[in-house]
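Heads up, the thing below is written out as structure tokens.
Chain nomenclature is as follows: A, B, C and D, assigned in order of appearance, with residue numbering initiated at 1 for each chain independently.
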Amino acid sequence: MFLQHLINGLSIGSVYALITIGYNMVYGILELLNFAHGDVYALGCFVVLGLVTAGIHPIIAILGGVVSGYILNILVERFAYRSVRFSGRVTPTISAVGVAYIMRNAILKIWGPETYPMKLGFRGTQLHLGGIVVGTLQIYIFIAAISFMVIISLFLKKTKIGQGIIAISQSIPTAALLGVPVNRTISIVYGIGGALGVIGGILFCAYYDTIFVGIGFALGTLKAWMAAIIGGVGSLKGAVIGAIMLGLIESMVAGYVSTLYKDALVWLILITFILIRPQGFFPSQIAEKI
Amino acid sequence: MKKIIFAICISILLAGASACYAADTVKFLVVGPMTGDSAGQGFQMKTGTQIAVDEINASGGIGGKKVEFEVADDVGTPNQATIIAQKYSLDKDLLFVLGHNNSSCSIAALPIWQKAGLPVISPSNTSASITRLGYGNYFRVITNDDIMSKQLCEFAIKKLGMKKPALIWENSDYGKGMRDVSAAAIPELGVEVVAEDSFISGVDRDYSAIITKYKGLGVDGVLFLGDYTGGGLFAKQAKNLGLNVQLAGSSSCSHPKLIEIGGDATENFYVVAPFDPFDTRPRQAKFIDNFLNAAKERPGEWGADAYDIVYLVKLAYERGGTDRESLIKALHEIELFEGVTGNFKFDEFGDVDKDSLMLVVKDQKFTRYEE
Amino acid sequence: MKNKYKILLFMFALLIPPIIRNEYYVRIVNIFYMYSVVALSINLIVGFCGQLDMGRAAFMGLGAYCSAILTVKMGLPFIAAFLISGAFSGLIGAVLGFLCRKSAFDYLTLVTIGFNAICQIVFLNWIPVTGGVMGISRVPQPNIFGFHFDTNTRFYYLALFFLAASFIAMHRICNSRMGRAFEAIRDDSIAAEYSGINVQLYKILNFAIGSVFTGLTGALFVHYTQYASPFNYTLDESIYQLQMAILGGLGSLAGSLVGTFILVVLPEISRSFYEYRLLFVGILMVVMMLYFPNGLLGKEGVGERLIAVRLGMLGGKNSRKDSGG
Amino acid sequence: MAELLRAEKLSRHFGGVKALTNVNLTVNEGEILGVIGPNGAGKSTLFNVLTGFYKPSDGKIHYKNRDITGRPVFETAKSGITRTFQNIRLFDQVSVLQNMLVGMHTQLRPKFTEILFKKPDAIPEEIRGRKDAEEVLDSFGLLDVAHITAGNLPYGKKRRLEIARAFISKPSLLLLDEPSAGMNPSETVEMMKFIKDIRDKGPTVVVIEHNMKLIMGISDRVAVLNFGEKIADGTPAEVQANHEVIEAYLGKEEE
């Protein structure tokens, strides 16, 4: 049984990992709180649902969703975040909460709170390996999570834009002085974050074959935030490992302790984690200068 | 400066007194969760009521008077329910209240409704304790948890032959009520409940941990005491993880969406329900067709019970229940009412003892289980 | 503050019940008064001390359940239960503040969200104490030394007194040495420490005082609705309360009253506002942060902007200080 | 002159970086001590360690012959050591007057009961505080801007407000971190007179500066840091003639 719980934990963890990568492009790298990340990609996923129900082929529909996630996040950054970027920590966070509410209620007004079945064609089969069941879809998701992590890390290290992004995360004024097109780069980061978010969201829906408005905040932003903190803000590798650990913790607690207090215990573990190691497992070492 | 703005706000308040005129119509209120997690159930209540009101107005109204209703949204939270109750208990023209959907909302609002003497008839409050709180103006047309859970447990153990059943219950007033009764009823049938788990509807979507645990314990049957979304998801995930068990669900699973979400994993899924969405009997079939083209989805128990309540009040009104007080008396005096959800009458607590139907999913449709 | 305005307003408020007989409106004003105190407590924590707390509803719940249990299950009089609940909630606030004294900005927010989730699950499942899903019903209405506040109108005066007392107390705290220390911590905690302020201690104090007011409101609210239910203290409720403090103005006490008015009274007045209130509030929050970062009545809010325009001082955009690096 | 503060073998490392190594420094009551050295010599780190913002890797700090090594910042501030910063750190969203009142945090002792039951401007401590603050603001030439939000002040006034805020907490040791940064020559002369006035009114002053004219003009004694080590300590004249100091600044002469 332990092995099956392990598999379940890994598969939920890898779904969280996909969402965390999108979230961490912005939160981890630019250290800008991205409260609306989940709701933005949830809207992108519902766009896919709309396209699929309108009879468009799933692959094209998903592409449409990813592009809409990319554009949506750029627009959000352009109008809601850009001019408050330098006004402390509270103001941008509140603006992000505002955006989250706009997106969530747009979905609620159009599609309502109902759960819709999501037929995307690729369901994958169930492999029975001596009593343990592993879905092929679970393996695809795990591979997708790892490969995206590698691709993004290479993108950051090797490409020009990637270097610009890292420069910006160190210090925006200095990066600007060195000729990094700050606003354009930041909007690209938000765009990639949005696109990755939709991909993560779609695979989440495919994994559960349903879509509902809750995949945005409750199962998206919060889980990604928790994973980023467990893994260490600022490092993509840490965030992915944090996400997988989160998945394992959840399935072990649910399996062996109690489903009644599952969420409370997971939160308790996270809070003690924050209080003991506020910088997480793979923190980036910067001594504070005054 | 800041103080002036505050004063202005208060003065706007004074101007807002709502004016309403008394016409010779029969007016009532439908209150339920029109937004929030259980908005689907509120929508069903509203649509069922609308169909009944349209039919009655077309055939001359109640006692020659036109029928109208207002809709209020309590978002399924008790605080909001009390605000709605305070607001509408002042409307002198209301004859009765069709609602609340959640038991916790009814409990919160009943003291206010009672002070105004308004009869409250709920289509879906199933928690057993409400009718024992001593509110003489409260009725419900759905069998409470005790009766329905006992029927479900007896059927699951005796007819379906579950030897090692497990209980999964939605952590809400609805789910908790069903769980308490079932946990007591099953041991009396000579079978032990092997495991018990709960989930928060609208949040928890992943049952893989529970399913894995049940495989380890050799569970052969699961009683799912929750709504159709959870039921569908659980059935699908159980099939994926190779847990083939006999599934039996409570009345909230009797919504066509259970099949839509669960797909072929819901084959042979038994559900106790006051109403069969695929019923072929003439009266029910006509109602289902009206509902289908009104709302593009089949009615669940919420729509059917709301429909019955409107006709029930029509019958009581025409027997002298023309104001709030006499309506309560007339409702108690009805010996037998034939509705789409079955034939019933009220006992002195406002409960009904309808015999529920047992439905089973066969090739993606609910069918009636014949003895 | 111009005292004559305040007294004038207080007299005006005293006359309201005899003017509007409509019980529904009196009830809305009562709820408006109570939520105003919650908005004030959030303003004290977020607006004055810069600790972004997104879990206030948990403390309202703690106050409510503590008072409900003390009165229903232990038979204490309302006054005792009310005060004990405030102290209890303040104590828990101090403990949480102590745990988060070293946490960086975002982590505190996440800890408060987590604490809110834990509290709600405990309210939902600790059946012997909190009554679980069914909550605690038949909570007695407030009575002080025999005088029962059982009607909406009578309760109105209790709520008005509670709001006035809380407003004055908070106003005095914010203008005291301690209040200035809170604002110093918000603006620059390092410079604050160099002025001899024990930053961690004052953060804990700030959290505790805010929690006392939130807890007291929770207790008063539960005695008014006579029913404690776990579904009232969710994360959405916390953000709803946070929005009240934000719309009015972080750092301006009077602003919180306006913010609460927008979110409590307006939805009841206009039906369409109720339909789209969450969408509308979302848009309002984004627009506010762009043009009035400190809210309508906060610093450089509508009030000061108008004065500035009249005095022709409205030169450059309000100061943009670089917080990065 | 009695010895106010003594640092023995003070050092501080960040991983491999040796910001400070074995610095011995004494500050005597009532003097102006200048601290100079090329960029990255560890001047600011010295201030941070002395005030408790960084814990020293090793070495001791004695203040009024009590060991204050490792005490938190607010305790050293309470015992009379305060400072200004290289990049100005004011409380931007509140008024100039309130900045001063926060500076007096350790001076004011209001009774808790008074706060709750008396109107804010009726509390004796508050009245005294406001009066002292206005006096100091006047002597610093900032009285006219007392009610303006600190964030909107011009640069020069912000500099002076930061010093005024440190001064009003009646420190016995005031550490100034590049007070004349970004000032033109006439303002620098004014700042020199300014610092002398402050020292005459009470606190011992330690100044970090790059502006040699200012340092040599006002310092009774000058300490020179280079690569985290103290290479000279003496009167301005002695230090100007010291070979090592010249080499540190101008590099070795071509033999």
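Just so we're on the same page, a residue touches a chain if its C-beta (ideal position, glycine included) is under 8 Å from a C-beta of that chain, and two chains touch if they have at least 3 such contacts.
Keep in mind it's a predicted model, so treat the numbers as computed, not measured.
Ranked by how close its C-alpha mean sits to the mean of all protein C-alpha atoms, the top chain is C.
Most remote chain with respect to chain C, judged by CA-atom centres, is D.
We define each chain's centre as the mean of its Cα atoms; on that basis chain A and chain D are separated by 46 Å. If you average the CA atoms of chain B and of chain C, the two centres end up 36 Å from each other. One finds 40 Å separating the Cα centroids of chain C and chain D. Centres computed as Cα averages put chain B at a distance of 72 Å from chain D.
Shared interface positions of chain D, defined as residues touching 2 or more other chains, are 53, 85, 89.
Multi-chain contact residues, meaning those touching two or more other chains, occur in chain C at positions 125, 190, 321. Those residues of chain A in touch with two or more other chains are numbered 108, 260, 263, 290.
Those residues of chain B that touch chain A in the complex are listed here as 35-37, 39-40, 171, 197-200, 202-206, 208-210, 212-213, 215-216, 229, 232-233, 236-237, 240-242, 257, 260-261, 263.
Partner chain C is touched in their complex by these residues of chain B: 1-7, 9-10, 12-14, 16-17, 73, 76-79, 82-83, 86-87, 90, 103-104, 107-108, 111, 127, 129, 133, 171-173, 175-176, 200. Across the interface of their complex, chain C is touched by residues 51, 53, 72-74, 77-78, 82-83, 85, 89-94, 98, 101-103, 105-106, 108, 110, 115-116, 118-120, 123, 125-126, 149, 151-152, 165-166, 169 of chain D.
Interface of chain A with chain B (complex): residues 1, 4-5, 8, 11-12, 108, 112-115, 117, 126, 128, 133, 135, 208-210, 212, 214, 218-219, 250-251, 254-255, 259-260, 262-263. Of all the residues in chain C, the ones that touch chain D in their complex are 169, 171-173, 175-178, 180-181, 183-184, 186-188, 190-199, 251, 294, 299, 319, 321.
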